[in-house]
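Two complexes, one shared chain (chain A), two partners (chain B, chain C).
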Partner chain A sequence: MDKKIITFPQLANYHIPIEFLLTNLVECDVLKSPPITQKTIELGSKHSPEFVCMPFKYNLGNFIESLDLGTNVLLQAGGGCRYGYYAEVQKQILKDLGYKFEFYSITETDKIAIISVYKTLKSLNPKLKFFKYLYYLIITFKMIHYMDKIDIYIRKNIGFEVIPDSFDKLLLEMLDDFKNTTGLFHLNKLYRIYLSRFKKLEINKPNKNLKIGVIGELYTLMEPFSNYDLEKMLAKMNVEVSRYTNVTYLIITKRFNNKKMLKICNKYCKYPIGADGMDNIASAISLALEGYDGLIHIKPFGCTPEIGAMHILNKVSEDYKIPIIYFTFDNQTSIEGIKTRLEAFYDMIKMRRSK
Partner chain B sequence: MREETMAVGIPKALLYHNYHVLWEHFFNELGVDLAYSKSTDKEILERGKKHSIDEACLSLKIYLGHVDYLMDKVDYILVPRIVSLKKHDKLCTNFYALYDIVNNLFNTKIINYNIDIDNHINEKKAFIRMGKDLGFTRASSVHAYMKAKRIVKRNAKHRFIKQSHLLESPKLKILLAGHPYNLRDKFIGGMVANILKKLDVEIIYSDIYDERESRDKYKSISPRLYWTYNQDIINSILYYQQKVDGIIMITSFPCGPDSLANEMCLRKIDKPIINLIIDELSSEVGLETRIESFIDIIKARLKNG
Partner chain C sequence: MMRECWLGIDVGSISTKGVIIDENNKIIATSYLWTEGNPMEAVKKVINNLEQKLLEKNSVVVGVGVTGSARKLIGSMVGANMIRNEITAHAIGTLSLFPNVKTILEIGGQDSKIIILEDGVVVDYAMNTLCAAGTGSFLSSQAKRLGVRVEDFGDIALKSDNPARIAARCTVFAESDLVHKTQAGYKKAEIIAGLCDSVVNNYLNNVARGKKIIPPIVFQGGVSKNKGVIRSFEKILNEKVHVDELGHLMGALGIAILSRKTQLKEPFSFNITNEKFETKGHECSNCPNRCEIVGIYKNKELIDVWGNRCEKGVNS
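And then the complex of A and B:
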């Protein structure tokens, strides 16, 4: 049998921890799926069902491009909404296209995710010991956690950097070092070094800068290509950006937060409204209370849970007097349209501030 | 027991089409008056569009239109919330959010029950809780629920027998497959049914089938499908597959679960099959040509053996 080459869909920089986990536990090559381009999207859309949500098309495009490069093992995760059912349909579509591959999906239907991930990896590498797996899993989680923490700091300050691109360069350097982590202590050390280096980067932050919170659907929030680098655009406008959704939140915090969230938005929601809908309403409320100037809600076209949440967010925006703008992304969205609307929104909150 | 009578409004959309018999008999037994909204028409849709986000699915827009229509006519509106009906399975997230959406959009009193099997709230428990909210004792709620449930069962049997007779007709038989709230809606399924009737075709509806015989058959198409209502549709398609001449799947735009589950059907079911997507701009004229050509293809195939 040929050597196994694994790939998984792209999601921002998170390919680094996942690659780290796989290379250490599984005896096969890991191929990072080629960066998303317009061609990826075209490929994905061409073979996708008509009005499926955009992340499906992106992931499918990723898979097709990696399969063309010679991958033969595909990994896909799953979640609360349609996302949990991606794996099966994608598998069928790729099979109908004539590709030969093994497909593994890790979905939430298995109650304990740690065990189901272990089983998946075990089927890839029968010699895998549980404790070894656990050790590397902890390092991986820790790495994701550190990356998210640094990301939060970057988002708050990148809009005010003095030397252009200084944040991005340092981030790349950090990710390169994270790739070659040898253990937990090494990782801790790296994190401390880079955090202090980030804090030493020169910024020119005025006392009362504009603050914008970004909420919405997880994939469009986290994958910069899918939202046309919205956060970068905001940074160029000298805005402090905050967003709650990241992988740490989705895998760990969310599990313990349900009751707290429900309490925050009990005026609006009696029940959780599916996927991340309630979380977004709760974050909208807490961002409003923290004195943010505006909210940006982004989602791919047809995202059912977020559409449910939007009905309620309108009311939150009215009650807390915080402006909110909605962006919907699909493969035909033009970047110019988004830029114009974003600039208008920026001018509006700036005027509100000066009043 | 309560003295005054109150009117509970039931919007004739979404879950109404799955549960109207149960609701009718449950509330009748308890002595609660029911008021229904009228069948879906252009006016209802316009009302719904006023309240909903542009991108919301057509079925939800229609539902909100019905709620708007009922709002000033009744004391309460029944808005259930259903997360799951079977263990590990789910419903579309619109049903999770239905109560909160209506509650935030409309200024009206709502009667609500919540079914969530994974959190150990089954249908019976949910109905008892709802009865309690309305001021009825546990015993009377249980009695009403059991009685209503018996009638539902009998009713389903009758409907099934009636539909089984249709299968023996010599006419061309087409299975209309889709969610009951799309099939039975005057605007969505009604439109397709009208066209088919004009073409002299026998219509078989997918929401009536032998559930006992066809349980878990969906696994042959898609083993990990977790939307209960889509499982039902696929079960039904597999049940009728050999008994009908063609299958028309009806979807409201842009339905999340259907977009993926129907794709699996299109790819795996070996029978003439099309997927009709209905949106608010759909008209009978536009659909007619598509359905006609589909029927023509089936007829040609039958002729050629």
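And then the complex of A and C:
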């Protein structure tokens, strides 16, 4: 085989830490898949089973576009729902399409086992030492954690920025610098610098602004292309947005929070209902108690855990008197329909607030 | 002294509605026409129509609001000071006539919605998401199949006390049920009454699923003109359903009120109907997103662009 070129599916800006980890640990080129566009989802849908959930189609589209650019090593993760089968099925589909590649699935079970990731990376770089791996893994986690913290600040404040695009521009600058991190101390320093720069950005935030929480399935929540930049639309309406789901939450916090979450929603569900269904119910309750004005629940078409959660969320909405709007995304959803419903939702929570 | 008034336009898929209100939200002129697939022409006609009705009233329009599915296009065309979704517009319009309303049922040409209110505030709403099943366009296509004018539907339905059972879930199944019932010898009135029931059941199962329908209930939209559907609603909900003569104008009324509330006053010129408006659409080729960009031109001059996901598309 020629020189190995490795790639992985896209998810928001998380390609930066992943690329960082791989370039430092693996002896092959890393090529991030091209940015998601309409073509990505068209390619993905064309070769996917029709009723598979939408993230599968995006991931497959990413792989096809990357393979066409000459990559030959693919990395995929897995999770606690159909996500767990993505790797196997995608591997087979791509093989049937005639592509030649090596395929590694990073998480064989629901838990990210540090050892199994090490083994996977070791097979790509036999000389990899465990301590070097551990060191870079920590930096990567830290980077993800910092990105998520900054994102939380952005979501809360971008709706009130005075200079248009000032938040987005600074974020791009920060991500560019994160790419070239030299070590743990450097990263910590960068984070401190950028956090204070973000805090210095001028905002015009009224005392009692409207607050909306977004909950739902992880991919559609985190990948802006798949939800038609929902969070940006909300920012344009001068709304403060909160979302618990991010990668830090999914790989770290979730592990320690399970009992707490179950306690919060024990009136509604006694055991986890698959993937993040239970977490979202608990988040909904927490956000309602924190005084949020409304919740937006989003999921890809056919997402079973979230369909289960929706019925319970209806009850939460009634009991806690918090309006919830549901969006289902697929590869063909008219943005006008979403805009209309979102605008009506905004009008509604504004009217409720003034009551 | 000229009296100030406000114009509200509701451009739906099937019909275009216009109302003019005074400073007390009282309607002083109305117009109601078919959109016929050409919202810009329809709006021009509605505006012309309203201008004639306004002639002797010594009034001047100082603000325009636009709602309905073509609100963006028409909003740029007429220079509206208020462009808002139809859900909000309907709620505001209805509240001005029925301050105590708790539930608004609305079935239009291609969409249907339910709005739940508490103390004059919208607290919940839903809109059909899947398809146009159980809306006006379904009724009119079935009317054609049965060789009946859709306007006569209600009266015919009322003649039957024994509605035929017709599937409510999906129009495709409803249609095959309908064919089957006609071939099995059911009377036209029974089938039409059955269709009315099916529209109501479809609406309650899909749009209004999980919502508590509390009286006073107001029923609006083009389909509210159909007496058969009103009867089916009352029968199935077991509640009185109010239908206002102006029910079809609620969106236009609401948006006119919202326009008045903006306080932005600018005299509106009825000359707009003589201007030449054009839209040009093209697919942006700057990236694989291939955004469908639409520009609207007034006398060959670009006044608005939309459809682009990024800035690249604007100048192309």
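By our rule, the second predicted complex is superposed on the first by the 350 of 355 C-alpha atoms of A that agree within 3 Å, B and C clash if a C-alpha of one lies under 4 Å from a C-alpha of the other, contacts with A are read in each partner's own complex, and residues count from 1 in each chain.
Note that a residue touches a chain if its C-beta (ideal position, glycine included) is under 8 Å from a C-beta of that chain, and two chains touch if they have at least 3 such contacts.
Keep in mind that what you see is a predicted model, and the values were worked out from it rather than measured.
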First, second, both or neither for A:Leu60, with chain B first and chain C second: neither
Which of chain B and chain C A:Arg341 touches, first, second, both or neither: second
Touching partner for A:Leu94 - first (chain B), second (chain C), both, neither: neither
First, second, both or neither for A:Lys355, with chain B first and chain C second: second
Which of chain B and chain C A:Tyr271 touches, first, second, both or neither: first
Partner chain(s) touched by A:Thr37 [first = chain B, second = chain C, both, neither]: second
When both partners are placed on the shared chain, which of chain B and chain C touches more of chain A: B
Partner chain(s) touched by A:Arg82 [first = chain B, second = chain C, both, neither]: first
Contact residues of chain A, present in both the chain B and the chain C interface: 328
For the chain A and chain B complex, residues of the former touching the latter: 49-53, 56, 80-82, 84-89, 92-93, 96, 105, 107, 109, 268-275, 277, 301-305, 307-312, 315, 328
Chain A contact footprint on chain C (complex, rising order): 69, 84-88, 119, 121-125, 127, 129, 210, 287-290
Chain A - residues contacting chain C, complex: 37-40, 314, 323, 328, 336-337, 339-341, 343-344, 347-348, 351-352, 354-355
Complex contact set, residues of chain B against chain A: 52-53, 55-57, 60, 81, 88, 92-94, 96-97, 99-101, 103-105, 112, 114, 222-227, 253-254, 256-257, 259-264, 267-268, 277
